[in-house]
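Across the two complexes that follow, subunit A remains constant while its partner is subunit B and subsequently subunit C.
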Partner chain A sequence: METAGPRDKDNAQDGAPGPSAFQTFARRRGAARGLAFLLLLALAAYFAPLLANNEPLFIRYEGVARFTAFRGLFPLNRLLKRDAVSLRLVEDPDWLLNQRTRPDPKVSSVLLPPVPFSPLQQRLDDVNTPPSWRTGHYFGCDDSGRDVLSRVLHGAKVSLLVGLLAVGLSGLLGVAVGAAAGYAGGWLDLLIVSRLIEVMACFPTFFLILAAVAVMDPKYLNIWTITVVIAATSWTGMARYARAEFMRMKGADFVAAAKALGASPLRLALRHILPNAMTPLLVNATFDVAGAVLMEAAISFLGVGVQPPDPSWGNILSLVTRYWDEWWLGLFPGAAIFLTVLSYNLVGEGVRDALDPRAEE
Partner chain B sequence: MLSYLTRRAVLMVPTVLLITAVVFAVMKLAPGNPFSAAQASGEAAVRQMNPQDYQILLTRYGLDRPWYVQYGRWLGTLATGSLGDSFSERRPVSEVFFNAPARVLAEGGSLRSALNQVLSSKFAATLFLNALALFLMVVVAVPAGFHAAARQGGWFDRASSAALYVLYSLPNFWVAILLILLVGVRLQWLPFIGMRSDGFEAMSAAGKAWDLLKHAALPALCLSYGGLAFLSRFARGALLDVLSQDYIRTARAKGVSEAAVLYRHGLRNALIPLLTLSGILLPALISGSVIIEQIFSWPGLGQMYIKAIYSRDYPLIMAESLMGAVAVLLSNLATDVAYTVADPRVRLE
Partner chain C sequence: MAFLPGLEAEAPEDGGTFTRALPADAVTLNPVIANDMVSYLVYKWIYDPLVDVDQDMNPVGVLAESWENSPDNTTTTFHLRKGVTWHDGKPFTADDVLFTYEACMDPAVDAINKRPSFEAVAKVERMNDFTVKVTWKEPYAPGLMAWNLHIMPRHVYAYAKGRSQDFNKGSADVPPVGTGPFRFAEWKRGERIVLKANPRYFGGRPHLDTMVFKIIPQSQTQLAAYQTGQLDLTAISTEQWRQLKADQALLKGATVFEYYGRQFMYLAWNMDGSNPFFRDRRVRQAMTYATNRQGIVDKVLDGHGITCSGPFYPGSWESNPAIKPYPYDPARAAALLDAAGWKDRKGDGVREKDGKPLAFECLVPAEVDQFSRFLEIFQQDLRRIGVAMAIRKVEWSVFLDRTQRHQFQAYLSGWSLGDDPDPYGLLHSSQAKLLPDGMGTGQNDVSYMSPEVDRLIETEQRTFDRAARQRAFWRIHELVAQDQPHTYLFMGSQIVAVRSKFQNVRVSRAGYGLFTWYPSVKEWWVPKGLR
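Then we have the complex of A and B:
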């Protein structure tokens, strides 16, 4: 049985203002789902210490309540009182797990994280166990007996941070250089910036990134240096767009008007041209994040990115090339990389559609 | 034409210089050198090297000089037509790439054996893989893109654009792993390690070709699908663009059949912009081939690059970067020339 209700279509009236940019974005199912996935992933990355840990969320030990898992959660570990989060009961990392079978009489109540394994915890009994509900290793274990789900959850931080920070950094650098070249023109543009942009456009950047990270001492390889290397080799793409936009707009009437009012070149660039050039830059940046996530995964996969035992999706994935029978090492971290890259690309499409009405389709 | 080609070739020189200088500077400015790398991970003999010997080695290979001096020396060697000697392979870089056909000839070997040297080289392995990938890409993507455009909004158009979108986001190293796990390990249909089976030399010519194709199938597939997605979107756009032109409307108005409009007027013109794509596809292919060759143990330049990087073999890294840059620049030039052949309205200036 159908009930008559107001239908959106009938409410739309001629002459009413078109959908806002946000509505256009939300109306694209792919873009909205991509964004939802990324938000979920960001939450998972942030709360990873509570989701996957070998320390209890809550424990009452000798009558004292403690929240030891919160030690890894950034602002809380500073705010909570020290003895509320610290608990060095026993040196045995499996102590918590054993509470199920052989409970310690001093423990009156305990709450385990959903995945009761830390990303670095090696359990000899669990080496190369396949995924199973029974063992609690839902994504299986790697060759050192570390839980793959725990490592994937903690590895999300690396992918998200490197992706966003690298694009933020390369965006700042690219826009600054591109704007200077496009606005000022002259020898700076002709001799240096344009040549660099052209060179990087035709050179496989992957070669350069590999050359840079591979000659580094492994002790310098962490997410910050990788971020800097990716940013340093990818800013020319951003500079190309910024340069084109600034060149196009420096002759526009509104710029001439602002100049006539006595605006300084810096003010012209930042307050008048940049806001008008934001659309292509923002769209490009979103796609660049997908590229940076992929790049970090690729170099970690080749063993010259984030170094084990620290988890990153790329270095978890690389283990499968040594143990081809352990398919779970290949399936789960790879799926995480794929879904993240897909989400950023979908969000990029959505942003383009929402901000740029001239875009195709 | 000749003067145009010369001018372009001359313009390539500063670009190549800039690229190699950037790669060189990046490598040299990062901390560490081949001997410190060997000391950190290498054999006991290297680890126990005393500081004087270490210094002697650095001086011997010129690694104690500033990077621009070393770069100048590298350029000097290059000017004599040599790519230098590989540190880790302990032979000339050109031999690492192409084997030694010239030496075989000089030592009185037959032309056939010299040719065999080249055919079994790392360069040939990479060229074969990339050519196969490019072939796969064009053969699948162009008809798919054109078909989607000819029936714009149809089920094929919608399904393929969704599928291609997913393909575009799939990391090729993950696809390689999934294919190996499924086709190689589980089903055991195709080999996934190396380029030749044991006993390759004893096979007949047809058997050899079949063996090579079987080994190349998975890596070529992994290399091609990313560009395939891109190329087919581009082909679709190109045909749609042509179909909106006035001369198509004219053709329809004068009663040309829809098939003739599509195949005679549409397709031919839509092929021209596809030529420009090689400049975009080639860097992606070269980058992809590094990681794919590594996964499939394909004995080519890509795998060599990873090895060179692990051992900080500067001459080898530089030579590979140089080859990559030159390949891309040459393909850009070839594209421009091909464009004038395909489209007489375009003139080389």
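Then we have the complex of A and C:
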């Protein structure tokens, strides 16, 4: 027998059923649009190998039908070896692009992705070309002749993964520390955990990250380590929220009731307090994602994050510092960062309004 | 680069100011202890060396009126110019030459980068007030250029034995006193250095009245300062050049000079046997054929560069005109790797031999953006012939440490050519030895061992006849082109814009630019009406 917490909708005190959380969220146009943009972006990031690639979606090569580009989708890319078409493209990345001018008799039909360039493919003839419909480089090319649209699409994966994983990780860490402090209280909280949180929070996160990245061997600078570094330096906000919620709720009636029924402290924390403390944590997490996306872009912009040739919005953007009149190197990745951060913030506001009864208009 | 013929025919007029930028403040104006380029750009005009190079890299006497070698080439006698006075009016004599040399050799003086060039010197003697005799340990042709040493006055800088600290910091409090075409006038730290014409210069006063060096670290700021009229000269990067070409008005009234600086980039392949790849000459040749060097010059540098075929300045007397850079030829590269036994047997796009993949790591200093960028292009080039090259960016200090210890498989870096074309440090096998502590003794960090090249270098160093020396260099060039101990990439252009009002501005044909030769700025002048 469980005791329901106050978040239980059936226990709503004023009797009249208000709008559901989802309805509140959906009614905010900004939040809905932000969410739609993020979902679209997530799809684009996942399907980037099908959207922007020099490998064909479909090809009939030496009489065999192949779907080469699909092999680049996760998890197939981890399982399958490169096929013959893919290997040919390593030798000659422009092989299929030249089909029209120099047809290969072994290829009977071919369907290329809408952006027929891979994010790493350098075409010296296209160095620094501006956006143009004619060349097929809709977002132009960078200083090594790589297609910017392809790089922005593939870079979305980095931004989304780093944003979500970093916040997931910092959330876990922050909630664990905050919950322990809030639930246990006493000297453990006052003398150790709260001080630790305060000390950590005093460091300017950005410089802490730069310092951490600077001492790291560049060999290990990839999105996973950057995620860990961002998470390890930004968990204090979560910890404070969790601590406050746990302190507030550990004396509540439903907790006392559960305790009376013999629930262990761990069960009390996880099963009874945590679900009821989720609201502020969730709202905070959504805003944190926006912060993490921005942080990744910033450190990659400074050249210590994701290392070229791997694309990330930050490292594409950084090129504009060298080529100040090549606006496409700044506009497109910049717009992508702006829209993503804005969307997360809108979604965050939506979640807050929908879930937090204190924030109702 | 064209001058109006009418103006050039006019007689030079005295007067006018030339203002240029420096990327950093000078460290010191004491030429013996200075070891940075910026300081050199300033002190070069305050002090004179015994010999310098001219526009074409030929030795030219400055404070030495002439010199001759003994028949066995073991001594060189310098005849000093008479009647030269220091900026304070005292006469210049052989004592000053000896003083400067002795200061260089005093272990307590911070002249670490000057001392190695005098290693071949046994002794320096004062024969009389205007004659100095140098005795060499053995005949050494590159030795003459060690005397591109800027001479300091004994009566100003002399220090008591064991009081070298007085000399090390001397010039900080004592205004520099030299014999050069310009006199020191003002140094506002971090802001500017001002030099004034020396009216008593032995070769006649320079035409310009004043030279101002403004410290402007950012190249973009430098360009902007030029455009607003605060500077008379600006360096232009290839990227900036692309943008300027689009807007010709920005370059109105400027004469643009373009030359290949004396630095080339190269890829080094470690042949000490620590990896299974690069001992095989065919593999190294394949690397060169597979890297699209001309493509980078044409497309990334917009044609502002030249591909190299060896460690010599293209077009100079020591460079063999018959040796052409390898063309970009992936098919030939693939054939060479096939012949060397590296084949893709697994079908994963990477060649193997004896079960080992043709995959290696290339070090690159992280500080130079451009290096990694070019390396990324080569990475793709090599992938096309089934070679997996991983790029490893490391900090400069780590880079130096690992290359000096020969702990690398490949690296990309730059090389500056010296005043003498002798490639001893880069190519002689003695320079590949490791000391007991693991540090390399020289710059031959790829462990290139060619008995014939060794012999040719030893011959060339003892040969004073230019034609004979040239034969040795040409043969070295040929052997290096075959052996490809390095893949010589290219030299980038230096682009410099100077206001057109300055007359008689000339650029070195050997890559020394507008300033680092003699007499250079001393000959510039401005017509009165344009000042």
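Just so we're on the same page, the second predicted complex is superposed on the first by the 325 of 361 C-alpha atoms of A that agree within 3 Å, B and C clash if a C-alpha of one lies under 4 Å from a C-alpha of the other, contacts with A are read in each partner's own complex, and residues count from 1 in each chain.
The rule is simple: contacts are C-beta pairs under 8 Å (C-beta built on N, C-alpha and C of every residue); 3 or more make two chains touch, one makes a residue touch a chain.
If you're wondering where the values come from, they're calculated on a predicted model, not measured in any experiment.
**Student:** Quick one: subunit B or subunit C, who's touching more of subunit A?
**Tutor:** B
**Student:** On the A-aligned overlay, A:Ile337 touches which partner chain: subunit B = first, subunit C = second, or both, or neither?
**Tutor:** A:Ile337 contacts subunit B only, not subunit C.
**Student:** Given the touch rule stated above, what does A:Asp125 touch, subunit B (first), subunit C (second), both, or neither?
**Tutor:** A:Asp125: touches subunit C, not subunit B.
**Student:** Quick one: is A:Leu261 in contact with subunit B, with subunit C, with both, or with neither? Answer first, second, both or neither.
**Tutor:** It touches nothing on subunit B or subunit C.
**Student:** Is A:Leu210 touching anything from subunit B or subunit C once the two structures are fitted on A? First, second, both or neither.
**Tutor:** Only subunit B; A:Leu210 stays clear of subunit C.
**Student:** Which partner chains sit in contact with A:Gln307 here, subunit B, subunit C, both or neither? Use first/second/both/neither.
**Tutor:** The answer is second: A:Gln307 touches subunit C but not subunit B.
**Student:** Once the structures are superposed on A, label A:Asp325 by its partner contacts, choosing first (subunit B), second (subunit C), both or neither.
**Tutor:** In the superposed model, A:Asp325 contacts both subunit B and subunit C.
**Student:** Pick out the shared contact residues on subunit A: the ones touching subunit B in one complex and subunit C in the other.
**Tutor:** Overlap of subunit B and subunit C footprints on subunit A: residues 218, 324-325.
**Student:** Looking at the complex, which residues from subunit A come into contact with subunit C?
**Tutor:** Going through subunit A, the ones touching subunit C are 81-82, 87, 90-93, 120-122, 124-125, 127-128, 143-145, 218-219, 303, 307-309, 322-325.
**Student:** Give every residue of subunit C touching subunit A within the complex, in rising order.
**Tutor:** Residues in contact with subunit A: 220, 239, 242-243, 246, 292, 295-296, 298-300, 347-349, 366, 369, 372-373, 376-377, 379-380, 383-386, 392-394.
**Student:** Sort out for me which residues of subunit A touch subunit B in the complex.
**Tutor:** 195-196, 198-199, 202-208, 210-212, 214-218, 220, 290, 294, 297-298, 301-302, 304, 317, 320-321, 324-325, 327, 330-331, 334-335, 337-338, 341-342, 345-346, 360
**Student:** Which residues, counting only subunit B, touch subunit A once they are in their complex?
**Tutor:** Contact set of subunit B toward subunit A: 14-15, 18-19, 22-23, 26-27, 30-32, 36, 40, 165-166, 168-171, 173-174, 177-178, 180-181, 184-185, 237, 279, 283-284, 286-287, 290-291, 294-295, 305-306, 309-310, 312, 317, 320-321, 324-325, 328-329, 332.
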